[in-house]
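Look for subunit A in each of the two complexes below; its partner is subunit B in the first and subunit C in the second.
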Partner chain A sequence: MTNAIELHNITRTFGRSTALDGVTVSIPDGSICGLLGRNGAGKTTIMSIIAGQDRPTSGRVEVLGERPFENEAVLSRISFVRDNQRYPDNYRLHHVLRIAPDFAPNWNADVANELVDGFRIPARTPIKKFSRGQLSSVAIVLGLASRAPVTLLDEPYLGLDITARAMFHDVLLRDYSERPRTVLLSTHLIEESEALFDRVVIVDQGRIRADVASDATGELAFTLSGTTDAVDELSANQPVLRVHAVTGLKSVTIEGQADDALLERAEQLGARVGVASLPDLVVAFGAGTPDSSRPTTPSISQPAAQKGVRA
Partner chain B sequence: MKAIASTVKLHLNLREYTFVVPLSITGMVAAISVLISLIFMRSGSVPGSAEWIYGSQANPGILYALAGFLVYMGVASVATTFPFALSLGATRRAFVAGTLVWYAITAAYIAVILAVLAAIEVATGHWFAGFYIFDVNVLGAGDTGRLLTIVFLGVLSALTIGGVFGAAWIRFAARGPQLIAVGVVLTLAILTIVIVPEAAAVFAAFRLWWLAVAAGVVIVLAATGSWLLLRPAIVR
Partner chain C sequence: MFTADSPIFQQLAAKITDDIVSGTYPEESAVPSATDFAVFYQMNPATASKGVNVLVDLGALYKKRGIGMFVATGARDLLLARRRDEFREQYLQPFLREAQVLHLSIDELHRMIDETKEDLT
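Entry: the complex of A and B
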């Protein structure tokens, strides 16, 4: 399988601040990839670099086999609307719908009209007066109706009501099945969008913490819960990502997989061992400073059985 | 080329701003000029007299009114349109080139409109009442060729000046336009200091084409500045 997007050791600094620190990630052609992480983790910066709106301080980026920056041929095949997208003064919806097809060779007016109707985007209100949800709706219209081979959706759910979110899922999946493309979607609504992803990238503090097939996320970490003493004993010398404790009880998320010895000892101590869910993983990877002594980019490309982990 | 054409269309997308607002501003200036003329008439001035024509043709109102709006248009054409153009997939190179083409289209449109209005004004004996709005000194005083040149270069200058301020804002936020303003003021001050001792000789030797050259220099400097500022600019 070829990769639509490849980032090699990308670093991006803004003055003394490091937004991206040695990011290496590949997004396979035709996949729907979730880009997950906390606010300020570097998700939008990654998308900006992929879309040629920004340039890395060092490292190499290739989209559809070419460098995107100032590359007209590549940029015409990328759609990226930022979560804080600015529009020209006095723009209304019809201005957006009139100009977008000029830049998007695969623009589909039927998809655009369906989304505009479904989201109930106001036609007469200036875009600068739109609510957060209405701005997200316009971004989704641009993102999906463009049918760009590389579609970057930056927090598309912001402010959307549940009906609108469901429609977005439906149209994305239907149109994706008709016209497969590479979709990179950043979101904080992980549980709601998890089913869309066939790949997941977790980023924190400018570093890739996980890059795996979505059905292999369970292999990245496991949870241990029980009495504080039991959990402390079981998690000793383990790469603990996150700790949650209440009086006498403790729960930890541990990177990697539980081995047979740990499972056996947990059973003896009455502790529970479970698969870390995707939201658990994002919370855990974002909970603290990554330990530089550990590998920072677990990469599992093939689905694998949940070995050695009992739910 | 396709991206440049698309950028021109992006600017023309707000058609009312390119084609209608300059007309409405011109109309307002015309109305105000007529009102001022009526005040002079009521105070005893005689339409058609030498004093009336001299005073009326010295009115530069049309220039000032349009200049402010055009500089704003130039700023907005970059400051608010550049991020959207990049989101649509335009390259910086295509954006700058397309924006310059749009500036030229706008300048030509306004030049032709004012030339037509000036021709009508002259043909109707200054609107049948001796009102001078377009047949004024700053627009060539009835010389159509001069009017077209003045308006085209003037509009292009205003738009490119606005554009470079917008580009500076995109690149350096509020500090950008401030630095350009300080640089322009310092340059003009130094030029003035240098020229002042020879001011009388300079004024005596002055030729109108100097202004055309000055406008050309301003346009080239501002357009080059916009490109240099936007070439590495990022959207955040």
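Entry: the complex of A and C
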């Protein structure tokens, strides 16, 4: 299978802060891939670079085999709506729907209309007065109706009610079946969106922590819980990602897979070994203390650096 | 409806198996396509295909080119036999292990089963 998106050793710095640090990741053509990680992990920066709206400080990016930055041939095949997309002050919904096809050669008005009706997006209210959920709805309309070969959805669920989220999934899967495309979706609602993904990428502090097929996430880490003494003995010399403890009880998430010796000893000690779920993994990879060797959050004294670091 | 305990494609395969065994999809009847399953259960289309293909590989479902997916003749017996093997592994073995921990004899287990069955009917 060819890759729709390839990032090779991408680094992006903003002033003295490093938003992306040696990111290498490939998204296969036709994949619906989840981009997961904490706020500020680098998700939006990754998407901006894929969309050609930002350039890496170093490294190589290829989308559909070409470099996206100022490359019209590729940009017309990418759809990217930022989670904080701004619209001209006087714009209403119909202005957006009228101008969108100019940027999306595959624009499908039926898909747009179905979503606009389903989301109950107000027609007469200026977009600048929209609620967070209504703005998300507009972003989803643009993202899906564009039918772009590479569709980047940045936090599409923000503020969206549960009925709208279910409808978004429904239309995404139905339209994907009709027009397969590569979808990269960032979200914090992991439980709810997990089944949509055939692949997940977990990013933390500007680095890729996991990049696997969805049905292989269980092989990345396991959880261990029981009495503090039992868990301490079992987790000694293991790559512990996250510790969760109260007096006498402890639970840890450990990278890798539990071997037979560990399973046997856990049973003797009455500790429970479990598969780390996808939410467990994202929590665990995000639990590390900030790397002290470099600033990961821009300080107040660097206002210019604050821009693309949030994710 | 899907949990984190096992891969989603296996859970879909188990669900279709349930529906074949219970007669929801009789032999030689059509089952929904992988795409339909994907939209209905809101899962990735590739995951749904993988789930359906588990049953194709077992010989319980077969493809009619250009028409769709059908339940094979003999699929119900085939899947029932597999389910019985799984029953032994997933229920009987832990059941007997727990009985041992509780010092329950086989005779006592027989009696408990009979009593519980009476309560259920």
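Convention: the second predicted complex is superposed on the first by the 288 of 311 C-alpha atoms of A that agree within 3 Å, B and C clash if a C-alpha of one lies under 4 Å from a C-alpha of the other, contacts with A are read in each partner's own complex, and residues count from 1 in each chain.
Throughout what follows, a contact is a pair of C-beta atoms (placed from the backbone, for glycine too) under 8 Å apart; a residue touches a chain by one contact, two chains touch by 3 or more.
If you're wondering where the values come from, they're calculated on a predicted model, not measured in any experiment.
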With everything superposed onto subunit A, say whether subunit B and subunit C fit together or clash.
fit
Partner chain(s) touched by A:S277 [first = subunit B, second = subunit C, both, neither]:
second
If we overlay the two complexes on their shared chain A, which of subunit B and subunit C does A:A112 touch? Say first, second, both or neither.
neither
Which chain makes contact with more of the residues of subunit A, subunit B or else subunit C?
B
Return first, second, both or neither, reflecting whether A:D198 touches subunit B, subunit C, both chains, or no partner chain.
second
In the superposed arrangement, which partner chain does A:A41 touch: subunit B (first), subunit C (second), both, or neither?
neither
Have a look at where A:D170 lands relative to subunit B and subunit C in the superposition and call it first, second, both or neither.
second
Using the touch definition from the top, say if A:I10 reaches subunit B (first), subunit C (second), both or neither.
neither
Measuring by CA atoms in the overlay, how small does the subunit B-subunit C distance get, in Å?
26
Starting from the residues of subunit A touching subunit B, keep only those that also touch subunit C in the other complex, and list them.
none
Interface residues, subunit C side, partner subunit A - complex
2, 4-5, 7-9, 35, 38-39, 41-47, 50
Which bits of subunit A are touching subunit C when the two form their complex?
30, 32, 166, 169-170, 173-174, 176-177, 194-198, 214-215, 218, 275, 277-278
Where on subunit B is subunit A touching in the complex?
2-3, 6, 9-10, 13-14, 17, 76, 80-81, 83-84, 86-94, 232, 234-236
Show which residues of subunit A lie in contact with subunit B when the two form their complex.
48, 51-55, 70-72, 75-76, 78-82, 85-91, 95, 98-100, 102-104, 142
